[in-house]
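Can you read through this structure? Questions will come right after.
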Amino acid sequence: MTQASVLKNLDEVRAMIKRHKLNDYIFAIVGLIALMIGLLTLLTLFIDLVMDGFERFSLEFLTNYPSRRAVNAGLLSAWVGSLLVMVVTFLSAVPMGVAAGIYLEEYAPKNWFSDLIEINVTNLAGVPSIVYGLLALGLFVYILDLGQSILTAGLTLGLLILPVVIVATREAIRGIPVAIREAAYAVGATKWQVVSQHVIHYSFGGILTGVIIGMARALGETAPVITIGALTFIAFLPPSPVTTEPPFLNFEWLSSGFTVLPIQMFNWLSRPDHAFHVNAAATGALIIVVTLLMNGTAIWLRYRIRKNIKW
Amino acid sequence: MVTATTPIKAESRDLNFYYSNGTRALKGISMPLYENKITALIGPSGCGKSTFLRCFNRMHDLYPGNKYDGQIVMHPDNTNVLAHGVDPIEVRMRISMVFQKPNPFPKSIYENVAYGLRVRGEKNKRNIDDKVEEALKGAALWEEAKNRLHDLAFNLSGGQQQRLCIARALATDPEIMLFDEPTSALDPIATANIEELMSELRNKLTILVVTHNMQQAARVSDYTAYMYLGELIEYGDTDMIFTRPTRKETEDYITGKFG
Amino acid sequence: MATQVLQNPLELPISARLAKNLKRNFVERVIEFMLMLAALSAVATTLAIVFVLIYESFAFFEHVSIVAFLTDTQWTPLFEDAHYGIMPLVAGTLTTSIIALLVAVPIGTIGAIYLSEFASHKTREIVKPILELLVGVPTVVFGYFALLFVTPMLQKIFPGLPSFNMLGPGIVMGIMIIPYISSVAEDAMRAVPMSMREGSYAMGATRFQTAIRVVTPAATSGIVAAYILGISRAVGETMVVAIAAGQQPNLTFDPMESAATITAYIVQVAMGDLPHGSIGYQSIFAAGLVLMIMTLVFNILGHLTRKKFREAY
C-alpha cells in the first residue's frame, strides 16, 4: 500500500468508527434507562407506600386489633400471627432442608435415585405458590385434619421454602474443598463426624444465607395462606406459647386461627373505603422494610463469605 | 537479510507495560517489525511475549487498569497506536489477530469470515461473497469449506477452525497480523499447514508471531526476538539468533540449558 | 487423683473392638437413613401435590365432562346456572402474562446486555445484589402498586379504563419479573467465554457490535431460558392479578377489560366459605391442575434450554 492510500484509508476508517461509536453511546444510555426502570420502580413504589400510609405510622398501629374503623385498626394479630407461623416454618423447613442438602451432597450415590430427587427439587422451586396452598388445603386441612391453623400455615410455607434451603445448603457444601474432608478422614473420623464437625460448620454461613432468604419469602407469601383459609378478621391473639405454670410451654397456639401481615394488607386493600387503603399502604411499607432487611442481610452475608473465605 | 533497504512497518520504542495489579510486565522494549517479514517472539512462559504482542492491537484496553508507557509507531503514517487520542478500534482495524486457541463465533463459516466486513458496515453481498472466498482461499480452507459455507463453524476440526480464524483476520486486508501461539492447541499436521500458510501470507502483510516452540520460530520467521522477564534480550536475523547468538542467555535458552 | 491411662484400642480384646465397630456402623447407617428420608421429602411433596390435585379434580370431572371443561366459554361454578369452561380463566392468565412479557423481555434483555457488556465492574457489583433484592419483594405489595398507582395513572391516558383491568396488573407483573429476567440473562451472557469477545474486539468491533453480534447470539439459549422461566412466574403469579385484574371470569384478550385469572379464581373461592366436597371446592383443584400443567411445561422447557446452554460452554 502506498503512503497516500494508507492515509486516505485512515480518514475513512476514522469517520466510520465515529459513526459506529455513536451506537455505543446511544445503547449505553438506553441500557442505563432500562436498568433504572427496574430499580427506580421499587423506589417509587416504596415512596408511594410510605406517603400513602404515613398517617398510620404509630405505635398503636402495631398494638391495635383490626377494627371496623380504619383509624383504630391495627396490626397486632397480624404480626403476632406472622411471627408464630414463621416459627413453625423455620422448625419444619430448616432441619429438613439442611438434612436433604447434606444427603444429596455427601451421601447420595450419583445414579437415577439422586437424579430423581434433584429433578424434584428443581421442579418444586418453580411450582406456583398457590399450588402449595391447594396441596395444604387438600392434605393438611382436610385429610390430616389440622384445620385452618397456624400449624397448617407454617408447614405449608415450610414446604414452599424447602427447595430454597436445600439449594443453598448444597451450594454452601460444594464450596468446601475435598482436601478438608480428606484431612478429617485421614485422622480416622467417620462420615458423620466429618459431616457434623466439619462440613456443617464450614458451610454454616452459606446455609444461613439461604435460610434468611427463604424466611423472607415465607413472610411475604400471601396466596398459599389465603388458600388454606386464613381468617381475615382476627381480634384475638393465639394462646401464648409460654406459660407461667409448669411445664411452661403450651402448644394450643398451633391449632389456633390466625392472620398474617400480607393477608391483613390484602384484606384492607380489597375494601372499597379509601381509609382502609391507607392501612394497607402502611402495612405494605412495613412488609417491604422487613423483607428488604432480611434479604439485604443475606446478600451482604453472602458477599462477605465470598470475600473472606479463600480455600 | 538485514539490509538498510528493508522498510520498517512498525516499531516499539521504549515500551513499558503495567498490569492493573501493578506488575511491570514489559521493561523498555524497543524493536522494529520489518514490512512483509515474519518476526517471531520466543522466551520461557511468563517472559512477556504475549503481553508484548497484545500491545500492538491494544487488547489490554479490554481490561480496566492496565497501563502502557512508551510508543508503538506504525509506518508510513507515523501513528503511535498507544497514544490516548488513537482509538483502539482504529488500531484493530489495521492490525488483526489470531489467538492461541481457535475462537470462532457461534455462527456459520461464511458469517465468521464476513464478520470483519460486517463490523465495517459493508452491506454489498457481492463484495462480501468475493472477500469471503478470497480470504478462505488465502487461509487454504476454501476447498474444504466451499460446499458447507453455511454450516456452524464449531463443526470444523481444530486445525480447520484455526485456519477459519486466520481467514477471518485476513478478510479485512490488515496491514499487520498478530499470531499468539497459533499452533499450541493443534496436532502436528495442522501445525504444518498453519506454518506453510504463514510463509505464504508474508507476501501480503507483516507478521508478528509468539511461539513456545523454538523449531517453529526457526522454520517460519525471518527475525527472532528473545525475551526474558519482560526484557528484550536479543533481536536479530533468525539464522543468526539460532546459530550465533551474541548473548549468553539466548544461547542457554536455545540450546535447552534453560527454559 | 490417679492419672487416667488412655487405653490403646488395639489392646482391647477382638470381640470388644468388633462390637465397637458394629455399633459405630449402625449409628452411621441410621443417620444416613434419616438424611435420606429428609431428601425424599422433595419427592414426597411432588407426589402429594400431584395426588391432591388429581384426586380432587377426579371428583370434579365426575360432574363435569372434560369436553365441556375445555370448550365451554363460560366459567360460572358459583352461579345457579353453572358453567365450567376453563377457557375464560386461561384467557385471563395468558393476557396478563403476555402483557408482562411485552414489558419485561425488552427491558430485561437490554438491562442484561448493559450490565454484562457495558457496565463497569463496580456498577455490576452494586446493581446485581439490588436485582436480587428486588426479586424478593412480596407480590402483595406489587398488587397495591397495580391497583392504586399504575391503574389510576393509566386511567389518565385511557379515560374509559375500568379500575379493575388486565393492563395495569400485566404491566406491574412485567416490572416485577424484570429483575429476574435481567439477572438470569446476565448470568448467561457472563458465561460466554472471554475468548469470543476478544475475537470480536480484535476485528475492530465496537462494544455494541460485540454485544449484539457475538455475545447475545452465543448466549441465546440461556437468555431464552430466562424468558421461559419468566413466563412461568407470570402465569403462576397470584396476588397482583387477584387484587387488580378483577374477579369476573371473562373470555377476552382485551387488556382494557377486567377478567379473572386461574390464580385469582382460586383466591376468590378460598376467601369465600365453600363447603368441603362441594363442586365449587373441587373446581379450584381442577383449575389448579391446569395451572400446574401450564407452569410445568414452561419450567421443563426452560430448564432444558438452560441445560443445553450449559453444555455448550
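Just so it is clear, A, B and C label the chains in written order, and each chain counts residues from 1 on its own.
In the analysis below, a contact is a pair of C-beta atoms (placed from the backbone, for glycine too) under 8 Å apart; a residue touches a chain by one contact, two chains touch by 3 or more.
All values derive from a computational prediction rather than experimental measurement.
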Chain pair with the most C-beta contacts: A-C
Chain located farthest away, centre of subunit B as origin (C-alpha): A
For subunit A paired with subunit B, centre-to-centre distance based on mean C-alpha positions, whole Å: 52
Centre distance in Å when subunit B and subunit C are each reduced to the mean of their C-alpha atoms: 49
Chain centre separation in whole Å, for subunit C relative to subunit A (CA means): 13
Per-residue multi-chain contacts in subunit C, two or more chains: 206, 209
Numbers and ranges of subunit A residues touching at least 2 other chains: 17, 20-21
Where subunit B touches two or more other chains at once, by residue number: 89-90, 93, 119-120
Subunit A - residues contacting subunit B, complex: 1, 3, 6-7, 10, 13-14, 16-17, 19-21
Touching residues (chain side subunit A, partner subunit C) in the complex: 17, 20-21, 23-24, 27-28, 30-32, 34-35, 37-39, 41-42, 44-45, 48-49, 52, 95-97, 99-100, 102-104, 107-108, 116-117, 120-124, 126-135, 137-139, 142, 159, 162-163, 166, 190-192, 213, 216-217, 219-223, 226-229, 232, 262, 265-266, 269-270, 277, 280-281, 284, 287-288, 291-292, 295-296, 299, 303
For the subunit C and subunit A complex, residues of the former touching the latter: 24, 27-28, 31-32, 34-36, 38-43, 45-46, 48-49, 52-53, 55-56, 106-108, 110-111, 113-115, 118-119, 127, 129-134, 136-145, 147-149, 175, 178-179, 182, 206-209, 211, 229, 232, 235-239, 242-243, 263, 266-267, 270-271, 276, 284-285, 288, 291-292, 295-296, 299, 302-303
Interfacial residue positions of subunit B with respect to subunit A in the complex: 76-77, 79, 87, 89-90, 93-94, 119-121, 175
Residues of subunit B that touch subunit C when the two form their complex: 57, 59, 62, 64, 89-90, 92-93, 96-97, 99, 101, 103-107, 115-116, 118-120, 165, 168-169, 172
